[in-house]
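Right after this note come the structures.
Both complexes shown next keep subunit A, but they swap its partner, so subunit B is in the first and subunit C is in the second.
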Partner chain A sequence: MVGSPVLFIAVPLLAAFLIPLLGMVWKESIRILPGLVLLYMLVLAITLLEQVMHTGTIVEILAGWKPPWGINLVFSPFTGILATLMILMGFIIWIYSYRFKNVDFEEAKKYFILFMMLVTGSVGIVLTGDIFNQFVFIEITSISAYALTAFYKHRDSAEASFKYLMVGSLSSMFLLLAIILIYSQLGTLNMADIASKAHLMKPEFKILAVIFFIVGLGIEAEIFPLNGWVPDAYAQAPGPVGAAFAGIVVKAGVYALIRIIFTLFDVSGTHQFLIVIGLTTMIISEMAAIRQDRLKRMLAYSSLGQMGLVLVAFGIGTEEGIFAAMFLLINHAIGKSLLFLSGSYLVYNSADKYISETNGMGKFLPVTSFLFALGALAVVGMPPFSGFWGKFFMMSAAAHANMLLIIALILSVSLIELVYYFRVINRIYFYKKESHITPKKPTVNAVIAMATLGVIILIIGFYPDLISGYLHQASQALLDKGKYIQDVLSTGQLLTH
Partner chain B sequence: MNFTLFDLKIVEYSFFITAILVIMIGLYGALVKKSLIKVVIGLSIFDSGINLLLISIGYITSGTAPIFSPALVKDMPLTLENIKKLSEGMVDPVPQALVLTAIVIGFGVTAVALSLVIRLYRHHQTLNIDEIKNLKW
Partner chain C sequence: MKMKKILVISLLAVFGVYLAEVLFKLDFGRQFFQQGVKDFYLITSPIKLQVANTVTAIVVNFRGFDTLGEVTVLFLATTAMGSILYKGRHQLGERTVLFSGSRIVTTGSRLLFPAIILLGAYVFIHGHLTPGGGFQGGVIIATGFLLMLMAYADYTVSHVVLSVVESLAGITFATIGLLGMLHGGSFLQDFLPNGSLNDLLSGGIIPIIYIAVGFKVGAELTGLIYTALNEKD
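Now for the complex of A and B:
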């Protein structure tokens, strides 16, 4: 026994609050501590994941209160994979931002505290088995995300952050309303207990609760009408934070939405709703992405489009569809983070971050440009890279479910993606550099972080079987609602006897 | 004293009605007002409305605190039936615990919002939401 799932929340939270204290003693420790903690969590997550794949879901009871009453953490193949992915992304982003604000100690301290809170909150959203606890973690994540968005004082970041805060806090109120509704109807907050009692709820209340949940969680999951804050927040936040949003926070939001729709309630039509909302998100965002003239806004819109694709894949609802969705999630986390990390070096010294300012960077920043191109190819879904398998599995899932229109839409949207990514790559490699911008050489740790992501893209691209076994188990775990309920509630019975 | 029952019914529903009214006022403030400070106040009022709604779910008219004190239990053996009987007049403690958490979260969000308003004012020299539109798309 190496450790238990509660350490995924306790250790980073403790570390976040230890950072200012340790910073008083030794200034370098604020940079080292988050990395040590994330590395420990990564090792723990991989060991636990390996264990879970063989012996089944780990359910941890907190503070000795049995599941229907107390808070429990569920480390199933599905949640385990997502948590591991988030921690891995957190670790790589830590490597990238190790020298972040190298001269400014106070700023760096704030950044690392908030970053650890962001990781804690996101991992908590995925692991918890209690809806109110999930609400608390969503708030931890969003409050640190608001603060990280407003990190740079000289940009328009406060405006972006305020926009995010307005939408985010209003929607979290709706989340609370949904929780109140469920509690008043069923008298329980435990997800497994709600799932087993959901049929007792009056249908009108059930539908109302689902609507409140979708509005409340749609902000973090970035579904279409609720994602107006995304391009601003991604573009105004520091580079590594944009990558953290795309690699960590969105994943948590999508997980929460999927858990509500797949496990908690079986309202008919939610799968079709996922498909429709996913397609709308995808098409509108890709159309918006193609007419952006600033790099980070383009990447943000493209990220929205990718998340729409993931929602469509979940909406197909078959085991194959969920498998494809998981594959796309992983590909999006890695590819889009790589794009944000390398993209922020391409436009490092320009004030407005225009795409035209990346002209000719291929000659001055060969490694960064190469990795950017690699990320772009992976996200678009070119054959030897990881994105290809995601889109391939997704299309075969759609074909088996007889949803041919979806295939047509995905292919045409991929074409749009291809156009705007290749426009940037074309500028990087084949245009003459504009004289007034001095390119910024990436630091060594940034190159290591970006290269790690690039290598992961290539490995998954050439050997998709390395992860597909895990993903199959994960998608079965998500679909098998009865087993989830039994796993969680039976731990309670074991304790009583 | 003839009005007791009627009175109690009113009391029971008045919490819900007030909560929804407060939520509506908060929503109006957050969505319609032009001044950033008023928007934040609206958010805060919305928050209070939700908290009131949450607390009124666990409310029982003339209920007691959910504590099994020695004076209440006396010499009764604590079997399941006795516990059920004793807990009948008790208010539900779970919503109260939830509200405590929700209040703290609401406080945190309001604090972040106000600090952002200060930043916005320094950056734009105005609090009018219509004039802050550098990021309009």
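Now for the complex of A and C:
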């Protein structure tokens, strides 16, 4: 017994409060402690995941009150895989940014606290079984994200962060309204309890609550009309933070949206809505991506497009569709983070981060360029890399559900992706270097982090069966709403003294 | 351009009318809250937990995990503001309060300051008995420091002390949670004797948590005010 799910929240919180104290005594501890905490969380997550696959969902009650009176955490195959993925990405990005702000102690301390809380908040969003608690974790994640976006003062990051802050506050307001509506009608905040009573809600209130949730969580999940803040925030944030947004934060937003649509309410038409909104997001973002002349903005738009694809896969709604969605989600987290991490070294010393400034980097930064190309191939979905399987499963799911138009759209969008990623790779390898750019060699820890991601891409690409067993269980867990309700509501005992 | 604005406004109006239509049906005050968890809270907190203030019982005991999260949100907000407004010691800007208040203002503030701190402490120590609690008490304490900072041009608070207080309070909260896990089996479980209703020492872990929260909120808001006051331009 290594621990229970609540330690995913309690341990990093304790560490976050400890870091300022430890930093006064031993300066290096502010870098080491977050890594140790993330490593512990990773070990815990993998152990619990293994246990959950065999013995079924773990529901942990907090403060001694069983649901619906208290708050509970749910570590099911579905939430467990997402939490493990987030913690893994957090750990790898921590390795990458170990030397971040090496000379400036105060700034480094703040970076590591905020980064650790960004991961913890996202894990909390996924694990919690209580809708208001989820709101609290969304706040924790968002506030860390705003601050991390504005971290570099010499860029236009303040503007990006302010935009994000405004949109994010709007999102919080809608979420709170939705929660109030539900509580006023059902008198409960527990997700399982809401799911079992949702049919008692008057339809007009139910639809309004769903609309509020979709708007509020849509901002976090970056769906089409609500994602104007994304390219700015991704491009202006420090490199590792951009990777964390793509690899961790947006996953939490998508999870929250999916949980509302699949488990909480069964309003008809929401699945079709997911498909339509996902396709719109995908097509518009990819069209925007191909027009970008700055590397990080291109990556940000591409990330939006990929998340649109994930939403479409969820929207298909069959077990196969959800399986494909999970596969795409994992591939996107790994591939896009690798692109952000290696991409920030390719344009390290250029002020405007133009794509043209990556010219000829293949000769000067061979490892980084190779890993960037690997990430690009994985994201586009070239066979033997992990992305291929994601898109393959997705198309077969669409074919079985008789949604042939989706297949055509995915293929044409993949073509667009191919064009703009190959344009960059072409520049990296076959153009002459711009004379005013001095390449920056990546640090050893950054190379280790990027190489780890590259190896994961290859392993999943060659042996997709390693994770597909877990993903099948995860998609069953998401679809089986009755079991979720029963698991949560039948656990725990009341405080007796 | 003009057409676009008119279109946006009329769309918003349609949405607003629909919202008002639905929200007016909510019937606040009449058939509201017929069912749900509230009865359990109302009955349990005075009888089982011996807590007079049900709101506090919900905030710290039933939903203590949320409160831990909210405390973290505040902690992150101060960290975030510190990281955005942070300047090295040599770049520290001048105070926006450039001169001290008149003698009446400074003397009056000095007299009021201990009274404000006392009121703040009273509010968070009695959080489980009377309205108020850690958050409110902490804010009152921070207003005391705000008064001093406004009245005196050269009044300083130590960032190191604030940071230590903040950290220790946070650690106390999280540690109590973990102790609950060791004693009762679940995080933040009440493991102390509940005492009897309306006693100062009652309500199990609630007073301890609220005292920690009071210190934490007080230190954090004071730090926020101090950072903002020292910001140049």
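Here is the rule we go by: the second predicted complex is superposed on the first by the 491 of 497 C-alpha atoms of A that agree within 3 Å, B and C clash if a C-alpha of one lies under 4 Å from a C-alpha of the other, contacts with A are read in each partner's own complex, and residues count from 1 in each chain.
Note that a contact is a pair of C-beta atoms (placed from the backbone, for glycine too) under 8 Å apart; a residue touches a chain by one contact, two chains touch by 3 or more.
Since we're looking at a predicted model, the values are computed, not measured.
Looking at the shared chain after the overlay, A:132 reaches both subunit B and subunit C. Put simply, more of the residues of subunit A are touched by C, taking subunit B and subunit C as the two choices.
Looking at the shared chain after the overlay, A:186 reaches subunit C, while subunit B stays out of its contact range. Legend: residue contacts after superposition of the two complexes on their common chain; A:117 is shown touching subunit C, with no touch to subunit B. Touch criterion met: A:65 reaches subunit C, while subunit B stays clear of it.
By the touch criterion defined above, A:204 lies against subunit C but remains apart from subunit B after alignment on the C-alpha atoms of chain A.
With both structures placed on the common chain, the touch criterion links A:290 to neither subunit B nor subunit C.
When the two complexes are overlaid on their common chain A, residue A:10 makes contact with subunit C while staying clear of subunit B.
After overlaying the two complexes on the shared chain, residue contacts for A:106 are found with subunit C alone; subunit B is out of touch. Using the contact criterion defined above for the overlaid structures, shared-chain residue A:18 touches subunit C, although it does not reach subunit B.
Annotation: subunit A residues 132, 136, 139, 143, 146-147, 150, 158, 183-184, 189 touch subunit B in one complex and subunit C in the other. Every residue of subunit C that touches subunit A in the complex is listed here, in rising order: 19, 22, 25-26, 32-38, 40-41, 48, 61-66, 68-70, 72-73, 75-77, 79-80, 82-84, 86, 88, 160, 163-164, 166-168, 170-171, 174-175, 177-178, 180-181, 184-190, 194. The part of subunit A that touches subunit B in the complex is made up of residues 132, 136, 139, 143, 146-147, 150, 153, 156, 158-163, 165-166, 169-170, 172-173, 176-177, 179-180, 183-184, 189, 228, 231-232, 236, 288. Within the complex formed with subunit A, the subunit B residues making contact are 27, 30, 36, 39, 43, 46-47, 50, 53-54, 57, 94-95, 98, 101-102, 105, 108-109, 112-113, 116-117, 119-120, 123, 132, 134-135, 137. Subunit A makes touch with subunit C in their complex at residues 4, 6, 9-10, 13-14, 16-18, 20-21, 24, 60-65, 68-71, 106-107, 110-111, 113-114, 117, 124, 132-133, 136-137, 139-140, 143-144, 146-147, 150-151, 158, 181, 183-184, 186-189, 202, 204-205, 208, 492, 495, 497.
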